[in-house]
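Just so it is clear, A, B, C and D label the chains in written order, and each chain counts residues from 1 on its own.
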Amino acid sequence: MITSLNTSDIYTIIVRVADVIVRNKDYLTQLDAAIGDGDHGINMDRGFELAVERLKQLDINNSDIGTILMTVANALLEVVGGAAGPLYGMFFMNMATVASGKKEVDLQTLTTMFEQGLRGVQDIGGGTQPGEKTMVDTLYPFVEELKKQAASNSNDIALAFANALKAAENGMIATINMIAKKGRASYLGPRSVGHQDPGATSSYLILKTFYDYIKEKESKG
Amino acid sequence: MIKKLINTPGEEVREMLEGMALAFPEIIRLDPQWNNVYRAYKKPSYKVALVSGEPAHAGYVGYGMLDAAAAGATFTSPTVPQVLAAIKEVATEAGVLVIIKNYSGDVMNFTSAVKMAQAQGIKVDYVVVNDDVSIAEKEKRRGTTITVLVHKIAGAAAEEGWSLSEVKRVAQKVIDNGRDIGVALTPCSVPAAGKYTFELGPDEIEFGIGIHGEPGVQRIKYIQSKDLAKIMVDKIAEDLGLKKGDEVFLVVQGTGGTPYMEKFVFYRDVRKYVESLGLKVFGSWIGEFMTSLEMQGGRVAILRLDEELKRLLTAPAYTIAVRITGPMTLPVVT
Amino acid sequence: MIKKLINTPGEEVREMLEGMALAFPEIIRLDPQWNNVYRAYKKPSYKVALVSGEPAHAGYVGYGMLDAAAAGATFTSPTVPQVLAAIKEVATEAGVLVIIKNYSGDVMNFTSAVKMAQAQGIKVDYVVVNDDVSIAEKEKRRGTTITVLVHKIAGAAAEEGWSLSEVKRVAQKVIDNGRDIGVALTPCSVPAAGKYTFELGPDEIEFGIGIHGEPGVQRIKYIQSKDLAKIMVDKIAEDLGLKKGDEVFLVVQGTGGTPYMEKFVFYRDVRKYVESLGLKVFGSWIGEFMTSLEMQGGRVAILRLDEELKRLLTAPAYTIAVRITGPMTLPVVT
Amino acid sequence: MITSLNTSDIYTIIVRVADVIVRNKDYLTQLDAAIGDGDHGINMDRGFELAVERLKQLDINNSDIGTILMTVANALLEVVGGAAGPLYGMFFMNMATVASGKKEVDLQTLTTMFEQGLRGVQDIGGGTQPGEKTMVDTLYPFVEELKKQAASNSNDIALAFANALKAAENGMIATINMIAKKGRASYLGPRSVGHQDPGATSSYLILKTFYDYIKEKESKG
């Protein structure tokens, strides 16, 4: 059973996120073309490419999880631009703040990290709520489920993430039938219905990468 | 792939700015670290500095308009540190006015940068342009063509040494009295994506588009220029509550790939219809001021004028895209 | 049908000219009988009058350039009586110089009109612009972008009161020292035809095109902006026999539907390559000066300069498309 | 046997030419799109529409053939523009000069009219010769054959025109394999091969309209 993640775990996860994003670059861009301006995959890829480049220059042994995540946040803020830049920038920055100085985090801390990350997104997004067809529709149920799991006194990170990811996936899928209320898709009004939100999708891919790594680590024992 | 006169996709903004700086070194200066464009010549320390975003705005940097344009990737808002760098570069004692277009991304990045600049002791304020009348809810309206008139009018006020709060007041007056609306006959394509942002049938028009190749608020059947002109002008006139005798300024433009011929036919139709409503046309800009790459289509913007706006609108400016050097004196012949 | 911002096909030239005259009544005047555009303000009687054709040239009527532009139907030379009417309207004692683009139709209609005008006792001469370097035989070369520089330079000379033979001499000097070449990434469509003039594959370019939507001399595979820039500049440099140290003027333009971004990326590449050949760039025009409706593509024109051409090129002009009011004096700040 | 054409014949022929042109407007324009600028049908139609409008205002009983043809020439010169305007303008103007004052023309005169018309085209075209892929490739063999027919002392206009039209048709078809040397198509060089010249085609249509009328008149007796 996995009960904590350390600096090196988080480092590896971010590297894998970058890889997942590059492989889904066209897909995310296509989703954005349907209801936005067709750049979400390109934006995310530009950010995570720089994030990994910066991470590679870090001395991992002398870094904590906060440093890793702050490096990611700064890279995203620096080159992503658009809506996704500040949204994910604040997401990782808030996570970093919680993890500051920590070389290891348990389920409780991870939950707080994601909770604060979500809050960062909601705040900079102008008070974004679930149901507005954004990345919040993925992140919010994920965090809610994680909180539930952590509250039930569980330490099992893999189990908690498995359940939270399911909630996140449902949230992502639910965006298909929503009318967008925030972001560029909201200009389309009812025409936005029938399309999955690109940001909700990239959030899901990021969360899934966390879970896939944890599961892999667990199976390796 | 969609053929374009570019090199590696993703490099196009940088290379465009390089071209502009090569062509107009006397007007702009390119900061290669941030893809920011700054006015090339000195400005007085009493002058409020004006900052805006998007590659297109590089054409409006110079005397009488912007001091800095922060260019993001194609159709992407510039980033927080990039905007912050621009603010810091051009800040004067008089302060900085940041002109933000009301797009989620722009608002987030620019307001974050403004907060950081304020935290660093810089005097900075901002306005948000939301002139796109195609969207019903006012707070959601995108910032489009009127942004350029804010650059022009607030820029002239700043050049005259107005205070930050006064420059902001007149900028907000332009926003309150200006509206824009656009249509697309064809889509456009972001180089790095290599795909069109939407597909349109041979008899379809996207009505109420933004400036980043997004689909419009509504898809309508093809109609002629004069019918489009009427619908578009009506939307604006109604929203602004224009009345007979009001004096207005027109901006009639293509969307990047619109030929001259169509711009002038469309202008004719807009102008005739505007005048048929009893409005007085003080002047017009016709051309390409806020475009969406190779998209074919048209935009109409109308600004209601008063004496203050008229004077500032026609004050001198010297940028790549806007040159007003005062009425030319012709040799007198009898 | 191909969607355009126009009304009834066939009316587009007239309606475009109406739009131009509505927008710029202080510069041009439209003769509704002939679709001819005349300079709106008086010219001195000592001034040689300049006449050219094609709708596009309406943008070059005014102080320091043309006195009349005779606009035919889209992509069609104006007719003999139309050109004759233009010559008669603007003729002065000093005479008339007719600037003809070397297209069969234009040459036939314009030279016939010149002969008739001469028969009626009007002092009139002409030059034929054949700058399109994509065609090997010199006599066959079409008249393209250099035509606009002839308008500019001969126009400045005429404004200074030069004699007809002197104005003609300097016009011919521009022709002898200027070359142009163009490529198309997409075709265009004449409204009344409602069809594209040719079809291009997604990786094909028409190389060596004219200005009326005709296919080019050759069809080539898509290549990047900088590779196109090199081939196009090489063709011109070779044909003109340009040598290190020569001073040149560049005109880099789209073909009507080319977005700003691509024009400036392309300009960057042309400029860098031109300078790598050791040529000195005296100045540039970047934009749309001689276009083919909505066609996407690019043109490069190079004019070799001497002191006389430099002075006339930068002399004042006040037309719809070209405004040179002398270097702007900025407030001095220290 | 038809041995002469009168003013009313010529008038009717021109009206029919206008009709043939309007029905072939798209076809001529398409031919021109392939090797020119795609306006030949539009140009010709604009001209003949005006020509017929002007003819309708003429008092035919007080007009001669010269007046009819001069009216056509002026209309074409006035509104066609492009290459076709002056070419066909001079064609009809030269025909009109020969027919000036005449209310009836025989084969000899008709031959001279077409001969002079052809010369007008060649002159204003800059000395256009057969083989250069232009309307001259239709007109030249037509005139040569007409001259032969007239020289053999025949008065039979229908027979002469039948043979001449055949020669004209062959000339038109021969333009397909020619490399253009004159006009807009010449810029294409070898790329112009494989396409029939639009001007050669409109010339053929005009000549065919003459012949069709003559044949019809003959059959009516």
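Throughout what follows, contacts are C-beta pairs under 8 Å (C-beta built on N, C-alpha and C of every residue); 3 or more make two chains touch, one makes a residue touch a chain.
All values derive from a computational prediction rather than experimental measurement.
The fewest steps needed to get from chain B to chain D, moving only between touching chains, is 2.
Chain centres here are C-alpha means, and the one lying farthest from chain D is A. Taking the mean of the C-alpha atoms as each chain's centre, chain A and chain D sit 76 Å apart. With centres taken as mean Cα positions, chain D sits 34 Å from chain C.
For the pair chain A and chain C, the distance between C-alpha centroids works out to 55 Å. Multi-chain contact residues of chain B (touching two or more other chains): 74.
Because contacts link the chains only in sequence, without closing, their graph is best described as a line. A list of each chain pair in contact follows: A-B, B-C, C-D.
Contact residues on chain C toward chain D in their complex (touch as defined above): 10, 72-82, 103-105, 107-109, 112, 135, 140, 142, 190, 192-193, 195-198, 208, 210, 212-215, 217-218. Here chain A touches chain B in the complex through residues 29-30, 33-39, 42-43, 46, 77-87, 89, 124-126, 182-184, 186-189, 191, going by the rule given at the top.
On chain C, the positions that touch chain B within their shared complex are 1-8, 12-13, 15-20, 22-23, 41-44, 55-56, 59, 63, 74, 185-186, 188, 202-203, 205, 222, 224-226, 228, 256-269, 271-272, 284, 286, 288, 291, 293-294, 296-298, 316, 318, 323, 325-326, 328, 330-331, 333.
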